[in-house]
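Letters A, B, C and D name the chains as they come in the text, with residue numbers starting at 1 for each one.
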Amino acid sequence: MKKLLNDPAKFVDEMLDGLCAAHPEFYRRAAPGARVIVRADAPVAGKVAIVSGGGSGHLPIFTGYVGPGLLDGCAIGEVFSSPSVEQIADAMRAANGGAGVLRLYGNYGGDCMNFDMAGEMLEMEDIPSTTVLLTDDVASAKPEERQKRRGVAGMVYAYKIAGAKADTGADLTEVTRVAQKVADACRSVGAALTPCTVPLAGKPTFQIADDEMEMGMGIHGEPGVWRGKLRTADQVAAEMMDKLLADQPLARGDRVSILVNSLGATPPEELYILYRHAAARLKDVGAEIVMPLVGRYATSMEMAGVSFTICKLDGELEGLLKAPAACAFWRV
Amino acid sequence: MALTTSILKTAWTRVAAQMDACKDELNALDGAVGDGDLGITMSRGAREVVEQLDALPDDLGMAFMKTAQAFTKTSGSTFGTLIATGLMAAAKATKGRTEAPWSEMPALLTGALDAMKARGKAELGDKTVLDALAAARDAIQGKDDPAGQLAAAAAAVDATLAAFRDKPNKVGRARIFAEKTVGLDDPGMVAFRRVVDGLTK
Amino acid sequence: MKKLLNDPAKFVDEMLDGLCAAHPEFYRRAAPGARVIVRADAPVAGKVAIVSGGGSGHLPIFTGYVGPGLLDGCAIGEVFSSPSVEQIADAMRAANGGAGVLRLYGNYGGDCMNFDMAGEMLEMEDIPSTTVLLTDDVASAKPEERQKRRGVAGMVYAYKIAGAKADTGADLTEVTRVAQKVADACRSVGAALTPCTVPLAGKPTFQIADDEMEMGMGIHGEPGVWRGKLRTADQVAAEMMDKLLADQPLARGDRVSILVNSLGATPPEELYILYRHAAARLKDVGAEIVMPLVGRYATSMEMAGVSFTICKLDGELEGLLKAPAACAFWRV
Amino acid sequence: MALTTSILKTAWTRVAAQMDACKDELNALDGAVGDGDLGITMSRGAREVVEQLDALPDDLGMAFMKTAQAFTKTSGSTFGTLIATGLMAAAKATKGRTEAPWSEMPALLTGALDAMKARGKAELGDKTVLDALAAARDAIQGKDDPAGQLAAAAAAVDATLAAFRDKPNKVGRARIFAEKTVGLDDPGMVAFRRVVDGLTK
């Protein structure tokens, strides 16, 4: 395991120490030592709070997106493991500004159970909350079973757009409606070239040959659509665009944002080569690209690979996407 | 005789010791097809319950609730949350009472099972702890002494382990290694079997 | 070579195509197909232009930092190779707004020759220009031979601060003075865990055992201070801080910015673990941290490793560091 | 006889052909201790000069300047810039003339060498093309026929290659592999040797 770390058991806590020390203007622990991060100025009175969370190892997802115009709080688990019910409940309590809480996170078994249970706990404390699940990974289930799909980088659009809606002073019902609308408008697909290593496990999440890639693989190494020889950037981009456009066809004049995302080790140079192809394809279809994102927005530590997310916009979503927002990893 | 907070305390002390003892075994089992934390989840959760023992109220429901919270606090992993879910169901069923007759055990298990099914959205037959729980519940039906119940449960879980060994896991982290799980015991079932062991001692 | 690319010979051009397509609000080619990028609104009349450049493969360095409050133009070479004299001259011509050009780049043999020669060419065209070289890598030469040191991530501070100075309307002499002051105030050191692969070469830049790291290694694999077993994050951070503080001692009350930079594959989680240690050390010394930077600011594609840069500030530099600036990779 | 633009044209045509022929050899030499682009630098540069041949003016200085620009345009690598630097020095020395006597060759080489030293900040003895150039310049001193000059230069460069083979490279990319370069010929010296070959044909 070639990583710069100390005791693997302290990986998450030391990471959060550093994060909060570097950016106190954005991040604050809800309680000393807690794996619960809230906005520096949380709770924001009268604003609907948006809370997310999940396993560590995906920065900027999840914790990185805490900040004005984005998330109010986040519960952080061990690497690739769900946070505890207690942590989620604490994040919701600390983020709640009196207008209720939207739980906005990705569809993974453990996370769903724990967020649901935390929601039930908060209900007993008379804090109303709602759920919106991201299920954007088209490779993880057929369209008929959309609700079974994993949530991946689509989260970035959901945070941004729901966060902007909450900033307008909208109530929980309205923020939830908009969040669900983004979730419905996002489609993602990824391709992995290498695994990564969970510090406590000390060994790679999967094995793959030196000349192989896997199309549609999940961010923790969940099996994809095919495994085979490494293809060219244009071939990979073309196949990913095919999958996205088959699942959510676009017509001339449609407005979309696209996120070309590195899973970690893949450098921006390769992302721009991929973007070039994806943008040309969208132009062919006649779709207009709004605020494209190219970079590391949702990762699996040092995994090499890429994901594409297309978020189809209407006037409401586009306006909210462009609204100001800030965190240590992203500024709009 | 019936289940009381006092019996709960003895039971958890035993279970905690047993979980410490089989921590590595459970981690290894889970490590083969998952993230290898099941032993940690169980031993940390049980230890946290033991920490709370002095504070357990006589109200059986409240006592169950405290044990449930020990698991929601110490683990974010599936098994911890499922156990907490099951214990919370028992808490609701026994709220306001200081004892529950042994004959009520099948009903308590059924309540826990239903809550856990709803929580985890898994079905019987998916090769999870649920299958072991269901078999144990069926086996103790009609028995009202703890020793007899435990013996019946142990035998039923062993039979369930054997019956599922050559089937693939259908939910959870292990699902993605479906083929690899054929021939392997489900870690959650084994964990439940070890809990029964601990209670029997 | 596990990379998402097409023809390795087209790596740089396709990368620039993608970069300009994704961010037309920041980047523009000086001429169709040219490996010369200038600000979208270049030349800015009356403003001193800052031009940099160097080999590809270091994004956001160099090209990524073209934008308001940062660079005006950039000449881009093949991966890890200097741009041509002609490209540098073109970048200077296209960036020049009539107030002269500062050539601000890192001390590497080929780059120096080519920037010097381009400067001489522009002189013949009556475009005045000056040079400031970054020589911040303390591992690459003794303090007595500071001028021989390589330029690494200190460039980020130089771009930011000189860029802000140019934005004030200062003349070429003043911008050059400030740029030299930042260059003098920066010290860096890096440690590499893995090599990277130059697409055209197709093989890793160096070999290193699975349990080894190299302290002080250069970003193209130039030899460092020692090679040995991988150490813990705290040990690595401590040694890097030792080296930086030995070269530029800090006293109680000094104000500094620190950049904890990933060389590429090393994820932000590890950077924050390292930052935690570095910040504690600066606190021990009594130095005040201003605007710490943690992330991927100067990379070598998919190389794993880290660098620390300390920039010692006075009132002038601090004010300029905090001034607004924007590019696709960084916003202040 | 003297050097004229017309002779320059013949010379570059030969050199370009020779550079195409030894492109892989030079790439491989440079690849062992550098980035493996020396053959590309030379063949691309020479080809670009050949493209410009029809446009070469009779003014020898202007003609040299055009050949220099062919190298600043086609390569960012050290060798391309150094060649351009040397050619520019020759351009300055011959500006306004349509011919230069062969006896002026040592002086032109010295001018080029000085400019290249200043540009690359390397010293004689660092095991670079400069050592080969200096040796050639010394060897043709006093000779004023091109054939004799080329033969003397070839022998001198061969001797220089031999003399430096077992020393380490002290500048450029190869410097970082210093120990590895012992026993290897400096790629830049070999490139210059091949240019002499091309001119001799």
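What we mean here is this: contacts are C-beta pairs under 8 Å (C-beta built on N, C-alpha and C of every residue); 3 or more make two chains touch, one makes a residue touch a chain.
All of these numbers come straight from a predicted model, not from anything done at the bench.
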| item | value |
| --- | --- |
| Joint neighbours of chain B and chain A, given as chain labels | none |
| Centre-of-Cα separation between chain C and chain A, whole angstrom | 29 |
| Computed distance of Cα centres, chain D from chain B, in Å | 81 |
| For chain A paired with chain D, centre-to-centre distance based on mean C-alpha positions, whole Å | 57 |
| Shared interface positions of chain B, touching two or more other chains | none |
| Chain-to-chain touches, reported pairwise for every pair that qualifies | A-B, A-C, C-D |
| Residues on chain B engaged by chain A in the complex (per definition of touch) | 31, 35-37, 69, 72-78, 80-82, 84-85, 119-121, 171-173, 176 |
| Residue numbers on chain C that touch chain A, as the complex places them | 2-6, 11, 14-19, 21-22, 56-57, 59-60, 64, 193-194, 210-211, 213, 230, 232-234, 236, 264-276, 279, 292, 294-296, 299, 301-302, 304, 306, 328-329, 331 |
| Residues on chain C engaged by chain D in the complex (per definition of touch) | 77-78, 80-87, 109-110, 112-114, 116-117, 198, 201, 218, 221-223 |
